[in-house]
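The structures considered in this document are given below.
Both complexes shown next keep chain A, but they swap its partner, so chain B is in the first and chain C is in the second.
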Partner chain A sequence: MSLKDILMPFKAWGNVFKEPVTLKDVKREGAPRYRGFHKNDVATCIGCGTCEAICENEAIVMVPVEGIETKNGDSGLRPMVDYGRCCWCGLCVDVCTTNSLSLSNEYIWTTNDPEEFRFIPGVVDKPWNNSEKGWTKPGPNFSYYGKERVPMPELKPDERDKSFIEIVRGYSKEQAMKEADRCVECGICVATCPAHMGIPEYIKAIRNDDLNEGLRILYDTNPLPEICGRICTHKCETVCSVGHQGDPLSIRWLKRYIADQQPAENYKKILETEKITKNGKRIAIVGSGPSGLSAAHYLAQMGYECVVFEKLPKPGGMMRYGIPEYRLPYDALDKDIDYIKSLGVEIRCNVTIGKDITLEELHSQYDAIFVGTGLHLGRSTRIPGTDHPNVYQAVDLLRDVTMGKDIPATESIVVIGGGNVAMDITRTLARIQNQRYGKVNIITTSLESEKEMPADHEEIIEAREERATIIPGWGPVRIEIENNKIKGLHVVKCTSVFDENRRFNPKFDESQTNFFAGDMIVESIGQGMDISYLSESIKENLKFNERGRILVNEYFQSSLEWLFVGGDIIQGPDVIHGIANGHKAANGIDKFLSEKA
Partner chain B sequence: MSFFSIKTDRSKYPQGGEDGKLQIDLDSHKYVKIWQGPNHPGVTGNMSVELTLAGDEVVEAKTHVGYLHRGFEKLLERRLFIQGMQTSIRMCVAEPDSNEYVFCSCVEELAGIEIPEMAKWIRALILEMARLQSLLRAVPGQGGTFGLGVGVQWGIYMRELVLDRFEELTGGRIYHMFMTPGGVRGPLPTGFKKRMEETLKEIDGFIVNIDNLMFNNAVFKKRAVDVGVIDPSWVDKYGIVGPTARSLGFNRDVRKNYPYLIYDQLDFEPYTTTYSDIYNRTRVRWHDLITTVDLIRQILAKMPEKGDFKAETPNVLHWRIPKGETYVRSESSRGEYGMYMVTDGSEKPRRVNLRGPSYNNGIAVLEDLLVGANIADVGAIMVSLQVCPPEIER
Partner chain C sequence: MKSLIDKLGKTFDIKDIVYQRPNLAFVTVSKEHVLNLITNLLDYEGFSHFVLLSCVDWIEDNAFQLTYFLNNPTLKIDIAVRCFIDRNNPTMTSAHHLWKQIATYQRELKEMYGIDFPGSPGVDENFVLEGWDNIPPMRREFDTKKYAEETFFPRPRNKTNDPKEYMKSKMYPND
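On to the complex of A and B.
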């Protein structure tokens, strides 16, 4: 102890002359990165609920909001935050799939009403709603789940352009598990899928490496997983919430991965369908396409005796006779059909309804009838020259390819159409040209611009890789014929396809014309239905809607109570709608027959 | 110093019986039992000490915890790995970042993830800033227990300046939640180094002021010197770590002995003394303040300008970590701070256990250290061990 020890503390008096530390401006702005109060851009938000899933305090609940409708890709729900539970960690912002959620940098907010501490950000008016600073997702590449899709192993263009070998090779276990890991389990896809498949659940089964469980989940809603796993129009992927900030999950390939892993012999054991008690009732199904097979599968599972009538030599409908083998190999198709057959479903091929047996006769022999005859009539553009014998319909040519007939592919071809069928026929003919002439000379033109083309984007890319020429945005005018030989197609620039109400109403710029040379024209602008098998007496009793389609109720039951109708002739056209229709109709038939009994 | 110290004739106080326990006959009216706490400013949290006094001298002390139990370790078993970050930090309010670091580090070690270089530097920066703000309360706080409130007020202001920098860097002031399994949640903001340097300059002045105010202060010396003396033999008996061990001459510092993050690239030497009374323990912490300020300067000078701040992790919504167990340690302002984590291959940890210095200091050492102390010194002795009851009751 010294004198110094007594004097030194008095140095603190030096502070007397300093300005006191007082927080003068209590409204001081928080740091630009401060985690303040929640903001949400409700127009961008899709209500995926990932914020709700990550919140460790259960402070976020997804609630319906007035004025926001549920639609494909939007649950219609928005997050409601409870500030009695929130810990302001900001993980909800970091995982937000659309980047709509953020935090403001406000410090203080007071209110007398405790109810106000629970609110829907972006919907309820709050003083910080327009604040520009605050916590946002840290950087464009920051992600708590993989943004990039695991690439699918595929045949290279030069390996595939001469053959019909399947292009997509399928995921390995490691690849499938890595891809499955990206799922945020929001379920937006489930609502959008026409069959409402349990997508997050089967993806979870992949992560758990429990593929038998995965198969059971698939068969709950879809009896054609091998097929859908290859050629589904994957509306689920279009709305996938992960796709808003990166690549959407490859849901279709994951489904295929599950279906590919087990041989068909094991299906009955896994799906527990070894013993089905028959109920003695008989159902006739007309058409063995996706809707007919789906109805047959679910009815057979319920104990009904089903007989499927098919006009063509083999079952499968458009799946076999419309989709080329390089996209859907016949053994994958047969695997799904064989399992349905193994449930006791009888498929009678080469039977034409209306010719070999009439619907009335079927009605007298069976308790109920399901009709899913599909769209097999190609539509024509009806431009001058389409009556020439070298003008073909894509559906007819595709059917002939499957049936092994000789295809009249010439050295230069023009295809009209921008849908998936147009791409199928383009790529099929390109392969045949390559086999025959060693080169490809095919031009495909569509009304729609490249962005609006209904074909899958990857189909267009792959067609180009196979050296087909795709020229979108032109409308066909007439076919140039000289000496009874086709010389090519005259086209005019199409400026818009749809009007402001999204109705088909193409507009053309007559000043811009073009000519695509070719000695064969294929039309692929859509298909129509052939319901000539319906007799006059049945037609009289059936109700039709304004578009000429048979009117059905929610169970696809027509105005004749024993007649159920589904598939492309009602909805679609695509496989997954057919499957969903068939499933719903099967439930409808069961309901109808149980109520009748 | 002996002139100021109080000599007591211990022979008239109760002696230990055959089993070593004190024979205290409360009915003799020679003794009085009082409870200090559970709400006592001497400890930053809720715990209490049951004191048996003879006159103004403590003859027996029993520590009681359980007022603050929130079951964090159990809660962590119910949280995803990404959600554990927010829960783990709440185990110690005074210095939450050590919790954050050991939790994230356990997850990374078990999942086999190497974090990017930039993330290591930012983590070290956050840990040092956390030590700084913790010491800014603890060092003058020791004076506060003797009624020297000026230093506490200065310290709180200085701590606010550090919290401003925290707010800028992490988006939070007290709980930062900036480390995440795989790295950190953002880069350094632009201009941060400059503003941090301005803050450090203010703290440099504060460190000198505190030296004048506390360590060259007759009153403080009279109250702190030779009070609450820890015997060197207790170090291994109780597992004393950190500044308390260093005040006894044991140079124990995880940053130096088992370097983690980027500490092997920094130049520093922990300060030690050989005699552990309140004065020297506070002095060691005061030197730690100087070291920490120097380390922050070194980190800011040496850290890379650019780089990834987060490694790629599996999808955090269903991140499964293979079966395993690990123990990760770091040096907090109070000493070795470790976490033991067991995983069973599921999406959540099977067991998480925290090893904090407060447990040994607050429950065991304190009971022995208080015997013979004056009732007026009890609070000061508690603070000198820098006990944080929330960390005992996790």
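On to the complex of A and C.
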């Protein structure tokens, strides 16, 4: 021990009367990027739970919050943080799909009640809720999962505008796996899909390169994956959580990837349908569109003997006779249909119900009937001039194209309509004009503004790439006819289509007029149903709603207990609703016949 | 900074140069050249201040990555020297003779990752984990959650809801 060591304690006594250096009640603010207590903009948050999934400490749980509704694109849940578990790493912020979650730089807060250390940021009032400092995502382009979707290889406009070759080429394995890697598996999309497909699960199967499992997941809820993988309206993508800060996942193309990779001859083995025990009951299905095929598939899987009656020469309904081949090639359509046939489903084409056989006769021969006859009648604007022979319905022309008939495509055409069918006929006629005349001269006009047009945005872009002219926001007034020849379409400016209750109630500005020249007019403003096959006695026993639709219960069972009705004539119109209807109706028929037995 | 890195590159086999900021660069050299390089930086390039020594466990590559952060107080620039060492034989030459305080970092790395720095003062003494009887806890194979559940008395986690299932229960319960 040195002398210094002995004297040092005494030296300390020299400080005894000095002012203490302890600073009381002085707040030391955290650094501007300090990771303190959470903030959450609950109005922007969609409750996807990605913050919970990434938290290694299980510090986050997703809980319902009063006043926040569960709806499409929003689970209604919000993250609750347990600060006994949180390590303030900030991963929850970095992974947040909406950028709603952040950390304040506040780190001093205490309470005697341990329960108060678990709270819902943004819902519980805290002094740091409006703090501007703290941890946010490092930079606007920061993303763990990639903001941009993997581009889909497509034929260029000049490679496709004269033929009906499929435009979209499909993902390669590498592309699909890269795109699948962007999925955060939140499952927000599932509620919006009418068939409630296992979307996160099949995307995970792609990531795991387990396409057998992927196919099984697809067929759990959708027996037309090749078709839906191409032409589904993909509402799921509109609510994709990743889409809030970048491109949504290409859910539709990923579904197609799974189906495309599996050879048809492997389906029965993968889906374990090589041996189905028949239950001896027979179901008649009227219409071979998506709802009819879906019902047939699930009923056949359950052991029912299904016979599908189709009025047209080949099965598929609107999928074959409404959707052009460049969007849905026939071999993809047939792959899905052939698999359903392989389950023992018999499809009898060229049979018209009400003419070749009545519904009553079917009722006497089968245990139950499912009807999904679709919307095949084109609606007319009924403006002056629509009775001219050169005014056509889009659905009729599209059907004729599939049937190989000669289409009356003239050199200048005006299409009325803003939906996908309007785009289909526009692009089909543009191809035919290109083949016949070496040029495209087609104008498509709609009541809706471009933002409100019901057609998929990519359809509008692609139609323009194929040199069609799309002019939205005009209402048809009359068709100009001179010497019995159509000269064009007179239109007025449409200022709004829907009223405040979202009811169809177009308003026009009569002072703004326009004229679209053309020698042929095609109407594509919607379709109606043809249920003339229902006899009067059946109609008398059915209940209809105020819009003339047949009333059905949750199983798509009508007021005649043996008659189930689904597809576009009940809900839609689109393929995926039809598939979902058919599936539910199949379950309903099974329930009905099981309870009856 | 670039001229400094270029100059160093003439003497040392430098790879993976990252100019993180105008005043911060990362370089990677082999394990055998680390001490030569940081000695050179201390003796000839004015990097007199040792900032920190850190480690990353790249378990997939079977390697630990050591990073020596040095500061030049005159030029106000930092350089971070990285190297990879074999995870199966985690031994590194001690640098405590260059900066005394490195011994403390090396002692910490011994405890947290099991990396030995033979000759480093106190390297085998406990750093913070008195009575530790498990594999070094910063190694990636260490299951922190399992250890915590077996060792402590965790308060149960609150009930959580899966967004997909919750939406089903609210929006389409009968499907």
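The working rule: the second predicted complex is superposed on the first by the 570 of 597 C-alpha atoms of A that agree within 3 Å, B and C clash if a C-alpha of one lies under 4 Å from a C-alpha of the other, contacts with A are read in each partner's own complex, and residues count from 1 in each chain.
One rule holds for everything that comes next: a residue touches a chain if its C-beta (ideal position, glycine included) is under 8 Å from a C-beta of that chain, and two chains touch if they have at least 3 such contacts.
On a predicted model such as this, the values are computed, not experimentally measured, just so you know.
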Ask   = Thinking of the overlay built on chain A, is A:Ala31 touched by chain B (first), by chain C (second), by both, or by neither?
value = first
Ask   = Touching A:Tyr533 in the superposition: chain B (first), chain C (second), both, neither?
value = neither
Query = Looking at the overlay, what does A:Trp135 touch: chain B (first), chain C (second), both, or neither?
reply = first
Key: Greater chain A contact set [chain C / chain B]   = B
Query = Which of the two partners, first being chain B and second being chain C, lies in contact with A:Tyr330: first, second, both, or neither?
reply = neither
Inquiry  = Contact-wise, after the overlay, does A:Gly49 reach chain B, chain C, both or neither (first, second, both, neither)?
reply    = second
Query = Of the two partner chains, chain B (first) and chain C (second), which one does A:Pro64 touch, if any: first, second, both, or neither?
reply = second
Inquiry  = Per the contact definition in the header, classify A:Tyr83: touching chain B only (first), chain C only (second), both, or neither.
reply    = neither
Inquiry  = If I apply the document's touch criterion, which positions on chain A are contacted by chain B in one structure and by chain C in the other?
reply    = 56
Request  = Please name which positions on chain A make contact with chain B in the complex.
outcome  = 1, 4-6, 8-9, 11-12, 21, 30-35, 50, 53-54, 56-57, 87-91, 94-95, 103, 135, 138-139, 142, 144-146, 181-185, 204, 207
Remark   = chain A contacts chain C in the complex at 47-49, 52, 56, 58, 60-64, 70-71, 75-77, 80, 82, 84-85, 114, 118, 186-188, 190-191, 196, 200, 554, 584
Query = Which chain C residues qualify as touching chain A in the complex?
reply = 144-145, 155, 157-164, 166-168, 170-172, 174-175
Message = Going by the contact rule set out above, which residues of chain B touch chain A in the complex?
response = 4, 79-80, 82-83, 85-87, 150, 157, 164, 167-172, 175, 177, 185-187, 189, 209, 212-213, 216-219, 221-222, 309-310, 312-318
